[in-house]
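Look for chain A in each of the two complexes below; its partner is chain B in the first and chain C in the second.
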Partner chain A sequence: MSSASSPRAQEPLLVEESLLNATRRRAFGVMFWICAGWIALVVLLALLASVLGLQNPTTENYDSLNQGPTLAHWFGTDDLGRDIFSRVVYGARVSLIVGFGAMVISMSIGASLALLAAYRRGKIDLLVSAASYVMLAFPALVAVIAIIAFWGHDLWKITLIIGVAGIPLVFRVVRAAALGYATRDFVVAAKTQGASDWRIITKEILPNVLPAMVSFFLIGVASVVILEGALAFLGLSVQPPTPSWGNMISESRTYLSQNPWLALFPSLAMILFLIALNLIGDTLRSALDHQEGKL
Partner chain B sequence: MARYLVKRFFALLGILFFISLGAFFLIHLLPGDPTVTILGPSDNAQNRAALTSQLGLNLPLWHQYLVWIGNVLQGNLGESYITHESVSRIISTAFPIDLELIIISQLLALSIAVPTALASAKRPNGLLDRTSTTTSFALLALPPFILIVFFVLIFSIYLHWFPGPGSYIPFTQNPGQNLRAMILPSIVLAIGSIVIYFRILRGDLISTLQQEFITVARSKGLSNRYIMWRHALRPSSLALLASAGLNISGLVAGAFVVEYLLALPGLGYEIVNSINQVDYLTVQGITLFVAVVIVLVNFVIDFLFTVVDPRITRE
Partner chain C sequence: MSLTPGLDRSASTDESALLEVCNASTTFATDRGSLRAVDDVSFVIKRGETLGIVGESGSGKTVLSRSILGLLPRSGVLQEGSIVFDGTEIVGAPDKLMRAIWGAKMAMVFQDPMASLNPVVRIGRQITESLRLHLDLDRSEAKATALSLLEQVGIPSPKERLRSYPFELSGGMRQRVMIAIALACSPKLLLADEPTTGLDVTVQAQILDLLSSLQKERHMSVILVSHDLGVVASRTDNIAVMYAGKVVEIAPTATLFSSMAMPYTKALVDSTPRLSQPSHLRLSPIEGRPPDMTTARQGCAFAPRCSFATDRCRSETPPLVTSPSNPLHRFACWNPLNSISIGESS
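So, the complex of A and B:
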């Protein structure tokens, strides 16, 4: 870690303070705010989809099949005459729920175990670390495909399965970050003052690894969105006619040479969403990294 | 060193034992009845019961596991319920495709990522560095399935440069056709790796170039190119090696998706089909095989660390 190179980084650092310094020292840049705005827009549209007066994403209309973009249908219509704009907006719900939902599950369980293991060490650490190695060596995609294939592919099951599959990775990343703090002087000081384990973990260690967790969380959401798309191609995501970006792109393959718009708009939505997530995650990480290095 | 290797070897055996448990119980605890896929949903209960006991599926689970693992340890992975082909045969015909795909894509990725990273690290924040960093960012957000959809549209349907999905021919039958069919999937698979290798190598090179032995080399009047390739790349390739180890399971997963979408009959294609057909032994066999490969590759990479940097000795 960069912290080791700088002697002054040994001092405890509060997150609020470090975030504040980072923002004060150098703004996140225009791109960061454009990306944050885009994510906010996607979330807002997905939340308000049913009250925006959009056309029903599953209503078929045989008078307007495979149309390009028009005023009535901004993104055109698909092979069943359904409005692609409305399907892209409703499809965002699937990506958002699976992406953020799965990462919340992986993060909350993985990070709790990691903080406990890094602070307590000993048997707990050994046990959970060994389990995480076994899970990481297991071909995760195979496990996810198998469980979804047999257990069912509704939205919540997919979210849960991907979330659980992500636990060992989160565990390893957070444990590595927390280990560096678990033996620092301020933790020892807290312990000698008689602070409880719970208090040390939540008040002393967690705030220091939180920045790393936030950026890992966002980049993790991007990976889960990609995974959901891949599952859709295998027929293992939410079932048609419910739209998701993944199954829209997958279904588009049949009529692709006649109507490339079919694939273009959901692909663009997904790509821009992924770029935004990655860029925000990366900006946060480097802002906080520089912070430690430059102190 | 020898002691370290022996210790690692036993840890490896332990991991493989748990993976065999996982591969077996994961598949068996899930709902789904192989006799339904074999006999069809309309066959009577009597035939189904007969087949169940013939396949040994009526035994307690732990007993089934012991039978399976006993056979596996003797090199017998069993045979597919559906095609009656032996699982080892399925693996030996499918695996070369994954291997070819991964090797071509990694050669492609390294031959683009390494020179780009070297050029970028020479002038951090220069024009080339900023361009390639931004490009790598955009590439990171291109999922393989979207690439495949548009590559097939552009290069197969419009331009006819490459054959479309389902045109795989074994290398031994027609090497030219085989390579033509492998180019598209290899490029798709390479793109994800290029980003990882470029970013890690660039970051590491920038910090390596600030070290004193580089300044010494510069003051000796060595050429920039010589310093980059001979002095800077070697210490920085440690990070590259570590990332290759972490990358390998993602690479296998990526290869599986690409194969399935382009109908290349590799392990990924086989395993998705066998999962859909509740073909227990094939799924278990391939899962175990893939896990063994991943674990072994990581073991070898761990060993390579000491070769790349002889200062590293393990106690």
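So, the complex of A and C:
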């Protein structure tokens, strides 16, 4: 490397070193880590439910009906004597599968279409945008209920249906975020360096809209969990005796005055899970958005 | 102007010609009618030569450079004439063909280094990207090349900077990185579109010096687009002055400054502040504004703002003619300065 031909620069090199390190090691705050810990715990319990030695969530025990929390049954038992702790843990599986599964479907399809539409514009954009408007104009909940009632309440079918219903929403959000970047100079610059469209979309535009996508994903998961709960309440989610947070709350209705524990624990699990997801999504978005502001 | 597109091709026999622009026009379809942003422009750039393109905002400089790069969108844009780069016709070339040229043979440095670097990608990857694409280098080879490139453009501690994000660098450093990216695959032609406009004056000079030293080293052709005659004056072989989409004067740099023929060129020079002038002297701006490009006009586009304009200027469009004193000097004016008697009027 020829040092002779390298004109040493005199202008300041770095913006400000201290500012930089603060950005790199951004503290997310205690709440973020509590929330992340809670989500991790729920996910871990749901994953390991079958090896944890929990009581069978569907085994009925007529010796202990409608009990409050005891040492043997931490969260108490329901009207058929089933262990509520075990049912909440197994119920998390349903919520997690539907929540994350549906959002993975919505995100992968919706975001791909959005990035393509935002970069290419023209006919593709027109077509997909029009389709998304049509889908958005249709009341999603009614459509989902109708399709599930017609097609079946299988866990995978519910996930798929909710996932597809979420595509237009993801499309709009990601397209809006990507549009701003698609015409930026660095995209043109990448083009003048010979990058293919695929490369430009995945390596230039995608990293910039990823923060928005991550936070929307988490908040989307929360909404789907609520939706699943609502469907379960209507008896349109997984069928008893398989537990889900939604159908546990639904079943507890009848015993609300005798045994409020029955409603409390699944509701608490769901609420804390939703709050945690929203908080994490928000924190991540503001933390990642900052980088752009610095530029 | 010549109606036969092949007329100016005589230059194409010159082996060292890298870029031949021949009667190139670019027209945009707008809501208010068609806008001819580049109007019948012809010039030739030889290998290793620098051409400065100068003009006001809206004179078509940027559209011309985008036309040369083949970067304009297909729909709503009409491109005519021919732009031949290193034996390849750019006008109408599909993106597939252009992708082999972009980056490898032709590269661009943009005006705003804040916007032309991807804010969320590390510098290192932004440089190695095109190296790996065009030169088929593996990861470590590309990294080594990127290091030497950063060193060549004068970035201190290049090793650490490979891992930096653009927002961690100052404006001048970002522009150096941008130049390193553009030069990664040793292009034959570099288009620098106002490369220093977003930088402060001391950094401007450094960047321009860097560009010209790299150009000499690599025997690369450069098109330096600027609104500032001062920027192009000392660093170009030829200068083309653009007004309302047309090249109104083109000449070797020394000739242009010694015997400029076009009143517009003189007006541009006069509107540039000079150190030799007493302080607090009022600059002489060019009165009026550039013409509305969507309306059809008669005569010389500069006539409404020109103090030498005659009735002929307002009714007949002056062709680009060759100066009798220098065959490389061409201008489009009925009443050239220095009262050169031009051949056309005879």
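Keep in mind that, in the parts below, the second predicted complex is superposed on the first by the 264 of 295 C-alpha atoms of A that agree within 3 Å, B and C clash if a C-alpha of one lies under 4 Å from a C-alpha of the other, contacts with A are read in each partner's own complex, and residues count from 1 in each chain.
The criterion applied here is as follows: a residue touches a chain if its C-beta (ideal position, glycine included) is under 8 Å from a C-beta of that chain, and two chains touch if they have at least 3 such contacts.
Everything quoted here is computed from the prediction, not taken from an experiment.
S.K.: For A:M270, using the defined touch cut-off, is the partner it touches chain B, chain C, both, or neither? Pick first, second, both or neither.
M.R.: The answer is first: A:M270 touches chain B but not chain C.
S.K.: Look at A:D185 in the shared chain and tell me whether it touches chain B only, chain C only, both, or neither; answer first, second, both or neither.
M.R.: After superposition on chain A, A:D185 lies in contact with chain C alone.
S.K.: Would you sort A:V104 into first (chain B), second (chain C), both or neither based on which partner it touches?
M.R.: In the superposed model, A:V104 contacts neither chain B nor chain C.
S.K.: Identify the partner contact of A:L155: answer first if only chain B is touched, second if only chain C is, both if each is, neither if none is.
M.R.: Neither partner.
S.K.: After lining up the shared chain so the two structures overlap, which partner does A:L80 touch, if you call chain B first and chain C second: first, second, both or neither?
M.R.: Neither partner.
S.K.: Considering only touches as defined above, state whether A:F138 meets chain B (first), chain C (second), both or neither.
M.R.: first
S.K.: Using the superposition on chain A described above, determine whether A:A195 touches chain B (first), chain C (second), both, or neither.
M.R.: Once the two structures are laid over each other on A, A:A195 reaches chain C alone.
S.K.: Once the structures are superposed on A, label A:A176 by its partner contacts, choosing first (chain B), second (chain C), both or neither.
M.R.: Neither partner.
S.K.: Which residues, counting only chain C, touch chain A once they are in their complex?
M.R.: 69, 71, 75, 99-104, 106-108, 110-112, 114-121, 129-130, 133-134, 147-148, 151-156, 165-170, 172-173, 176, 178, 181-182, 184, 202-203, 206, 209-210, 213, 217
S.K.: Which residues, counting only chain A, touch chain B once they are in their complex?
M.R.: 130, 133-134, 136-143, 145-147, 149-151, 222, 226, 229-230, 233-234, 246, 249-250, 252-253, 256-257, 260, 263, 267, 270-272, 274-275, 278-279, 282
S.K.: In the complex, go through chain B and note every residue touching chain A.
M.R.: Residue list for chain B touching chain A: 14-15, 18-19, 22-23, 26-27, 30-32, 137-138, 140-146, 149-150, 152-153, 157, 249, 252-253, 256-257, 260-261, 271-272, 275-276, 283, 286-287, 290-291, 294-295, 298.
S.K.: Which of the residues in chain A end up touching chain C in this complex?
M.R.: 1-3, 5-15, 20, 122, 184-186, 188-196, 199, 203-204, 207-208, 210, 291-292, 294-295
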